[in-house]
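Working notes, structure below.
Labels run A, B, C and D following the written order; every chain starts at residue 1.
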Amino acid sequence: MEQCANYLGLIPLFPLLGAVFIGLLHVFTCKRTALPEKVYGILACVGPVLAFVLALKVFVALKGLAPEARFLSYKAFTWFSVGELHIDMGFLADPLSCLMLLFVTFIGSLIHIYSIGYMGGDKNYGKFFAYMNLFLGSMLVLVLGNGPVVMFVGWEGVGLCSYLLISFYSEDRSNVLAGNKAFIVNRVGDLGFVLGMSFLFWGIGAHGFDYLSLKANVHHLEPAVALTVCLLLFVGATGKSAQIPLYVWLPDAMAGPTPVSALIHAATMVTAGVYMVARFSFLYAGVELAGNIVAWIGILTALLAAIFGMFQEDIKKVLAYSTVSQLGYMFAGVGVAAYSAGIFHVFTHAFFKALLFLGAGSVIYALHHEQNIWKMGGLKKKMPKTYITMVIGALALAGCPPFSGFFSKDEILYSALATGHFGIWAIGVLVAGMTAYYTFRMIFVVFHGEPRDHHAYEHATDAPSVMTVPLIILAIGALCAGLLNLPGIFGGDQVVSHWLAPSLTEHHPHGGVFLEILAIAASVVAFVIGIKIAYTKFGHGAQEPFFSGFADFAYHKFYVDELYDRIIVQPYKAIGSSIWKVIEPNVTDAPVKGVSRLYMVLGTAFKVFQVGYVRVYALYMVLGLGIMSLLLSQSLN
Amino acid sequence: MTNDLMLLMPLIIVGAGAILLMVASTCEKLTHELAAYGSAGIFAVAFLVQLSFCIAGNVAPYTEAFNGVLVASNFSKAAGLIILACGFFTSLSSQAYFKRNNFCSPEYYSLAAFAASGMLLLTMAQELITVFIALEIMSLAIYVLVGYDRKSVISTEAVLKYLMLGAFAGAFFVMGSAFVYGAAGSTKFVKIGQYLAAHGMLHSLAMIGGAFFIMVAFLFKAAAFPFHAWVIDVYDGAAVPVTGYMATALKTAIFAVFANFLVIDGALQQQWITFLFWISVLTMFVGNLIAIGQQSLKRMLAASGIVHSGYLLIALVAIGSKNFSGSVIAFYLAAYAAGTLGIFTALSYLGGSGEARKTFDDFKGLAKARPFSAAAISIFLLSMAGIPPTAGFMGKFYIITSAINAGEITLAVLGIVSSIISMWYYLRLIIAMYFHEAEEQFDEPAISSWAPACTFVLVLCVFAISLYPITV
Amino acid sequence: MFEHVLSVIIFLPILAGLILLASPASRTIARFTGLVISLATLVLSLELYLRFEATGHLEFVEHISWIKSLGVSYSLGVDGISLFILMAGSVLLPLVYFVFGTKEKGYYANLLIVQGAMAGAICAADMILFYIFWEVMLLPVFFMLGLYGGPRRLPATLKITLYTIAGSLLMLAAIVYLGVSYHAQFNEWSFAMEKMAHLNLTGRVAAVAFFAFMIAFAVKIPLFPFHTWLPDAYTEAPAATTFVLSAVMAKIGVYGVIRFVVPVFDLEFARFAILLAYLGVIGMMYCGLAAITQKDFKRMLAFSSASHMGVIALGVFCMNIQALTGSIYQIVAHATSTGVLFLFAGILEERTNTRTIDDLGGIAAKAPVFALYFAIAMLASVGLPGTSGFIGEFMIVLGAIKFNTAIGVLAGTTLIIGVCYMLWMFQRVFFEKTSSRSEHFKELSFTEGLVFLPVILLIIVMGIYPHPFLSKITPSTALQFAPPASVVAQMPAANAQNYGLTIEQK
Amino acid sequence: MMHGYLYLSIILFCLGIVGVVARRNVFTVFMSIELMLNAANLVFVTFARVHENIDGHVLAMMVMAVAAAEAALALAVVILLHKHKSKLDTNVFSLLKG
C-alpha cells in the first residue's frame, strides 16, 4: 500500500550537507580572513528552503493518494541488523509527519532568514548557521524517521544542537552551564526513551521495528509491557518537551540567541515529545492509564508554568514559561486521546510563539540586548510593525477568537470535557485566563505606558526588513492558521483532523453542541477576565512591583532549581568525590595495599632466621629431621 | 669393557684434563689465564664428545657400564651436557673475574674440572657408594673453590659453614646407605629395586630409615627446606664464578642423582610423595620469603636458587617411575642453568674489583652506561621469573603440566603462587637498572671480551632452549 | 596476497622493534621506522580485512606443530571477533608516530613490540601461544611506563605489572588444566582453542579454573573491583602507552572472555553471568561517578575508559547475540573514541604542560579544528546517535534488558553518567574564558589534522552506516551461541540464560 | 648379637649429631662428624657379617678413605680460621647473615 519516494531522503540531507559545508568553511576560515556574512547567509538558507520545497512536493504527493493509502516511504539502507534486531535507515511520510514537515521547514526557513539580520556582526556567524542547519536536519530526521530508532537519532541530534546553541556565547560560563543542564536533563529523558524502545522491541519488535509493523503487531503486546513502554517513552517526552519534572532546562535555555529560542525552544524541538506521543497513538490509545498520566502531567505543567510566567521580568523568560505552559496543553490534548487536537495546537503554537519570540528578538535587538521588561515601555510608537505583529501573536497565544490559538486550545479543552476529564478542563480554563493575563502584562509593560529607560528608548527603532518580513508572514500565519481546523460549530469541517486521521488512532468524542458551547464560552470568559486584569494593572504603565509572600515564592519559581540542586546535583558530586577520596583508597584498593604490605613485612621478618651461626643451621637440620622422622613413623603406623 | 670406557669418555677427558692442569700448574710459565683457556678447552671437547654421543644414531637410551654401577641414559647424558656447558662458561667468566680479583692460581681451574668429573660421575652413578664417592669428589673440589680467597675471612667462613654442614649431611648419607645395604644386601640401585619389588617398602625398618637418611643428604645438597640455611651464606661468601658454578652445575648433578634414586622403584617413590610435596611447598615459600628481604644480589640469587629447587622438587614429585625420562627435569635444569649462569657471568665482569657492587642499589642506572649487559641481565631475570618467551617459562610450563597431569593440581597452583611472589625481587633489579638514575659511571676499561661473549651466547641459549620441544 | 600474512603482521613490528633497540639509531630514524612499519602493518591488515569473508570460523589459518608430545602448536587465525580488535590496533597505532615526534628511540621501539605482541595475542589459535603473547604484551608497557612515565611512575609500574602477572599466571595453570583434561577426555594432547569447546567440565576444579581465567581477564579489562591499578597507570603512563592500554590491550581482556570463558566454561559462565554482569554495571557506575570529581583530565579519561569497559564487559555477560555483537562493535568504537581522546589529552598536555582541568579554558576559540575533533570523539564516547558509540551501546542496553531488567536499566544510566563528566570537562577546557596556559595554544598542524581525519570520519561512518562492519562480525557471534556438543548433553544452550536467571532468582 | 652393634652405632651416631649441634669448637665438631662416619662404618661391617659378603668391608674402607680426605681439608680450614681470628669458636664466624 505504501509507495517509495526517494526524495524523502533528500529532505533531511540538504540541511545536513549545508551544516557540514558551512561548518567546514567556518572552521577553516575563522582563524584567517572571515568570509563576508552574505555568503553564509545565502548558504544557510539554501538547505531549509529546498527542504521546504520538497516538503510541499511530499504534501502534494500525499494529497494525490486515497486517505487510507497516504504513506510514502523510502529505505535508504539497512542501518544495522543483528539477530532478530533489524533496523533500516528509512523514512516515512504520512499525513502526520507531513504536517510537521511543512511547518518545521517553513518556520525554519523564515527564522533562518530572520537570523541573517539578527546575528549580524557576530564573530561566529558561520558557526551559528552551521548549528542551525544541523538542527533542522536532525529535526527532519526526527519527524521523518520510519521507526523509533531512527527517530531517536534526530531526537538526540536536536538535543545536541540545542546544547551547542544554548552555549553559543561560550565565553560566559552561565550560558555553558545552561547548555550542559539542557543536554543532561534531556539525556535523562533519553534514557527513558531508550529503555522504552528496548522493552517495546522485546515485546513486539522481532517482526520489524518501524511504526507500520509495530502498529500491525501492537495487539500482541501484554498490557503491563504496553504501560511500561508508554510511561518510559513519556519520560523521554517530558525531557524533550519540558514537562514536570524535567521542565527546568527550558527557561535557562533562553541564554541562546533569540532566533534559537524561537526555532528550537518554541516552535519545533520542544514539540517533538508531543509528536512522539501522537506517533505512538496506536500504543497510547490502548492504555487508558498512561493517557491519563500524560494528560494530568501536561495540565499541571501548564498550570505551574503559567504561575511562574506571571511573575517573570525577562521578556524571553515570560515567553519561555508560556511555551512550557502551552506544551502542557498539548500533552493534555494527546493525553485525553485527542491527538489531532494536540498536534493542531503544536501547529498553531509554532506560528504565534515563533512570532512572539522573533518580535521579542526585534525588541531586544532594538534595545541593544536589553531583556528586562521593566526597563522597556512605550515602544508602541517607536516600533509599530513589531508592536502590531506581537499583539497578533499575543492574542493568538491568549486564545482570543478568531486567532489560531483559540481554535486549537478550545479543541483540546473541549475534548477533555467531552471525554469526561472535568478536572483537566477546569484547570485548562484557569490556565487560559492566566495565559491571557501574563501575555498582555508583557505587551502592556513593553509597548504601552511611559518609557522607563529613555536612553535606550531614543535609539529604539524597527528592525531591518530582513527581520520584519518574517514577522509579518508569521503574523498572517498566527492569524489564520486556526481556520484550517474550523470545528463544525463554526460551520467548518475539521480539515486538519481529517487530514491527520489516517496516521492517528483516535475516535472523535461527540459531547454534543451544549458541551462545545460551554467549552468555548468558558475559554472566552477566561480570556476576557485575564486581559482585563492585565489592562487595569499595567495598561497605563506601572512601576516594577516588589514581590512578597506567594508572589515572591512564585517569582523564585518555587525554588525548584535550588531543590534539584540540593537533592540531585550535590549528592551526585558528593558520591563521586567520596568514591574517589574515601572508597577507592580504603575499600577497593585496600586488599591490594594490604597484600603488598604483608609481603614486605614477611620478607623482612624472615631474615631473622638467617642468624649466621653454623651451629644453628645444623640445629635446623636436626630439628627438621626430627619432625620429618616423627611424621614418617606416624605415616608408617 | 672398551664400550664402558667409551661411555665414560667425557668423564675421562675432564678428569684427565684436571690432572694435567694440576701437574702443569707446577711450572711457572702457566699463568692462570692460560689455565682458564685450557680448562675451557677441556670442557668444550668433553661437551662435544658428549653431544656426539647424544645425537649419534642407534645409541641405546639406557646402557649399563661396569656391571650396573654406572649408567648412561639420555637423562644422564643431558645432565652431563648441562654440567659441561656450565664448566665451560664458568672457566671463561672466571678468567674475566680474576682480572679484577687477583687471588687466582692455575689450580683453580683444575679443581673446577675435578668438580665437574665428580658431577658427571654423579649423574651416572647407580650404586650408593659410587654416589658417595662422586659426591665427595665434587664436594671436596667445591669446598676448596669456595674458600679460594684465603685472604678474605668471608670466604673462609663460607667454606667452614659449607664444609661442616656438608660433612654432616655426608655422614647421614653414609649411615643411610649402610642401612639400605643392610636391608637389601647390596648397594646397587638395581638390587635395591629388586628387593623392594619383592618385599615392598615397609618390610624392614632399616630400608625405610636408610632411604630416609639418603634423601636427607640429597635434600641438603639441593638446598631444600629445612636444609637450606647454608646456601645463602655460602653463595654470598664464595667468589662470583664459583657461586654460579655451584648454583648451576652442582644443582644439576644433585637433581640428576636424586631423580635416579627416586625412580629405583615405584614403591620407594610413592612412599616419599607426601614428604616431597610438603618439602617442595615449604622450600618454595621459604626461599621466596628469604629472597624478598635481601639487599645483596648474590644472596637474593641464592635464595631464588632455593625457590627453583622447590620447583624441581615439584617435578620430582610428579615423575612417574614407569618409563621415566627426566626430560622435564633436564629441561628445567637447562633453562635454570642458562639464566643463572648468565647472571653470574655478567656479574663476574660487572661486579668490579673485590666485588664492590653487590647490592641492588649498586646497579642503579646500569642500563644507561652498559645497555647491552643490562638487557642481557634483564632477559636472564625474566627467564628465572618464568616470563615468556624465555626458557624459564617453558620449563615452568612443563613442570606445571607434568604436575597437573600427575594429579598434583594443588602443588601446581602453589608453584604458580610462589612464582607470583618471586616476581617482585626479579623485577626489582630491572627497575634499579633501568628506571633509576645512575649514581656512578660503570666506566672500568673492558677487561676481557670473553665474559661478555659468554653472556651473549647464554642469552641466545635462553631463547633457543625455550624453542626446543621435548617429549614429556 | 600471500600466505602467513598474520605472521608478518605479528613479527614484522616485533623484529623491527628489537632491531631498533639493538641498533644505535637516532630518534628520528626510530620514529620513521616505526611509522613505516606500522603503516605497512596497516596496509597488510586492510588487505586482510578485504579478503576476509565472514564465515564465522577462523580464517587465514596458519598451523605449525611445535611440541608434538603436548599438542602445542604455532597456529594462528582470525574470525569476525578477533579481526576487529586487530583492525582497531593496526588502524590506530600509526597515529602515535605522527602525533608524538620527539620521544626517545626506546619509546618507538617498545610501541612496535607491543603492537606485534597484541596482534599475536589476538590472532593466536593455540592457548599456549596466546599466553606467551599475552605476557609479552606486558613487557613493553612495563618499560615504557617505567622509563617515560610521569613523576610517580614507579609505584604505578609495579602495581600494573605485578597485578597483571599475578592474574595471568593463575590463568596459565587453568590453561594447562584445560589441556590435561582434554587429554584425559579425548586421549590426545591439544591446546587448540576451538577444540576446548568440546570439553565437558564439571565440578569444583572446573569452577576454580573458570575463576582463574576470569580474574586474569578481569584484571586486564579491568572489571570492578580489579580496576585499582588503572587510574595510576593510565595517568602516569606516557600518552602513547595509555592509548595502547585503553584502546587495544583492555579489549584483549574482553576478547579473552569471549574466546575462552564463554565457549569452554559454558555452565559456569551461565551460572555466574548474572554476578559478572552486575560487576560490569557497578564498575561502569562506580568509575563514571569517580570521573566527575577528577581534577586531572587524563585521570578523568582513565576513569571514563574504565567505565566504558564495564559496559563492554557487560555486553559479553548478557549472553545474547545483540549484546555480544554490540560489545564487539563498542570495542572498536571505544578504541576510536576514548583511545583517540587519550591522544588528544597527550597533545593538550604537551602544549600546555598541565593536566589540571582548571588551568585550561577557551581552547575552542584558539583551536577550532582540535576542538571539533575532540568534540566528535567525545560525543562518540558518550554514545550519541550518528557516531560509532551509539550502535554498540544501544545493542548492549537492548541485550541487557532482555538478559535482566534491573541490569538493563542500570546499564542505561551510562547515557547520563557519561555525559555528565564529559560535558563538565569539555566546558572547563574548551569553553569559557581562555586561561593563561591556553592563551597560546597551538592549533593542530596540517599533517596532524590530516592523520586524525580518517579516524574521525571512521567514527561517523561507523555510526551512520555500521551494517558492513556488523555483517562481518555477526556470523562469528552467532556461532558463539550455536549450542556446543557438551551443552546439548546437559541442557540446551538456549536456556543457558534462563538458567542464569533462575540462579539469580534463588 | 647384631642388634647390639646396631644400637651401639646408632648411639654413636646420635652422639655425633649432638656434638655437631652442641659444641662450638671447630675441632670438636669435625671429630663428631668423624664419629658419625665411623658409626656408619660399624653398621656396614655389621651388615657385612649378616649378609656374609665382604661388600660391607670394602665400603667401610672406602668411607674411611673419603673421610680421611675430608679431614685433611677440614684441618686446612681450621688453620685458615685460626689465621684469621686466632679463635676456633664457630660462633665467631658469623659475618654472613641476614
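Here is the rule we use: a contact is a pair of C-beta atoms (placed from the backbone, for glycine too) under 8 Å apart; a residue touches a chain by one contact, two chains touch by 3 or more.
Small disclaimer: the values here were computed from a predicted structure and weren't measured.
Peer 1: More C-beta contacts across B-D or across A-B?
Peer 2: By the number of C-beta pairs in contact, the winner is B-D.
Peer 1: Between subunit B and subunit D, what is the gap in Å from one C-alpha centre to the other?
Peer 2: Once rounded, the distance between the two centres reads 26 Å.
Peer 1: What's the distance between the Cα centroids of subunit C and subunit D, rounded to whole Å?
Peer 2: 65
Peer 1: Provide the C-alpha centroid distance between subunit A and subunit B, rounded to the nearest whole angstrom.
Peer 2: That pair's centroid distance is 78 Å.
Peer 1: What is the distance in Å between the mean C-alpha positions of subunit A and subunit D?
Peer 2: So the centre of subunit A lies 98 Å away from the centre of subunit D.
Peer 1: Which positions in subunit A touch two or more other chains at once?
Peer 2: Answer for subunit A, listing residues that touch two or more other chains: 607, 610, 612, 614, 618.
Peer 1: Could you check subunit D for residues that touch two or more other chains and list them?
Peer 2: In subunit D, the residues touching two or more other chains are 20, 90, 93-98.
Peer 1: Can you pull out the residues of subunit C that are in contact with at least two other chains?
Peer 2: Not one residue of subunit C touches more than one other chain, so the list is empty.
Peer 1: Mind listing each pair of touching chains for me?
Peer 2: A-B, A-C, A-D, B-C, B-D
Peer 1: Quick check on the complex: what are the subunit D residues that touch subunit B?
Peer 2: Within the complex, subunit D contacts subunit B at residues 13, 16, 20, 26, 29-30, 33, 36-37, 39-41, 43-44, 46-47, 50-51, 53, 55-56, 59, 62-63, 66, 69-70, 73-74, 77, 80-81, 84-85, 90, 93-98.
Peer 1: List the residues on subunit A that touch subunit B in their complex, please.
Peer 2: Residue list for subunit A touching subunit B: 599-600, 602-607, 609-610, 612, 614, 616-618, 620-621, 623-625, 628-629, 631-632, 635-636.
Peer 1: Given the complex with subunit A, which residues does subunit B contribute to the contact?
Peer 2: Residue list for subunit B touching subunit A: 160-161, 164-165, 168-169, 202, 208, 212, 216, 220, 225-227, 229-230, 232-233, 274-275, 286, 289-294, 421, 424.
Peer 1: Which subunit A residues qualify as touching subunit D in the complex?
Peer 2: Checking each residue of subunit A against subunit D gives 607, 610-615, 618-619, 622.
Peer 1: Which bits of subunit A are touching subunit C when the two form their complex?
Peer 2: Result: residues 23, 26-28, 30-31, 77-83, 85, 89, 149, 152-153, 155-157, 160, 163, 167, 170-171, 173, 176-177, 179-180, 183-184, 187-188, 190-191, 194-195, 197-199, 201-202, 572-573, 575-577, 579-581, 584, 588-589, 592 of subunit A touch subunit C.
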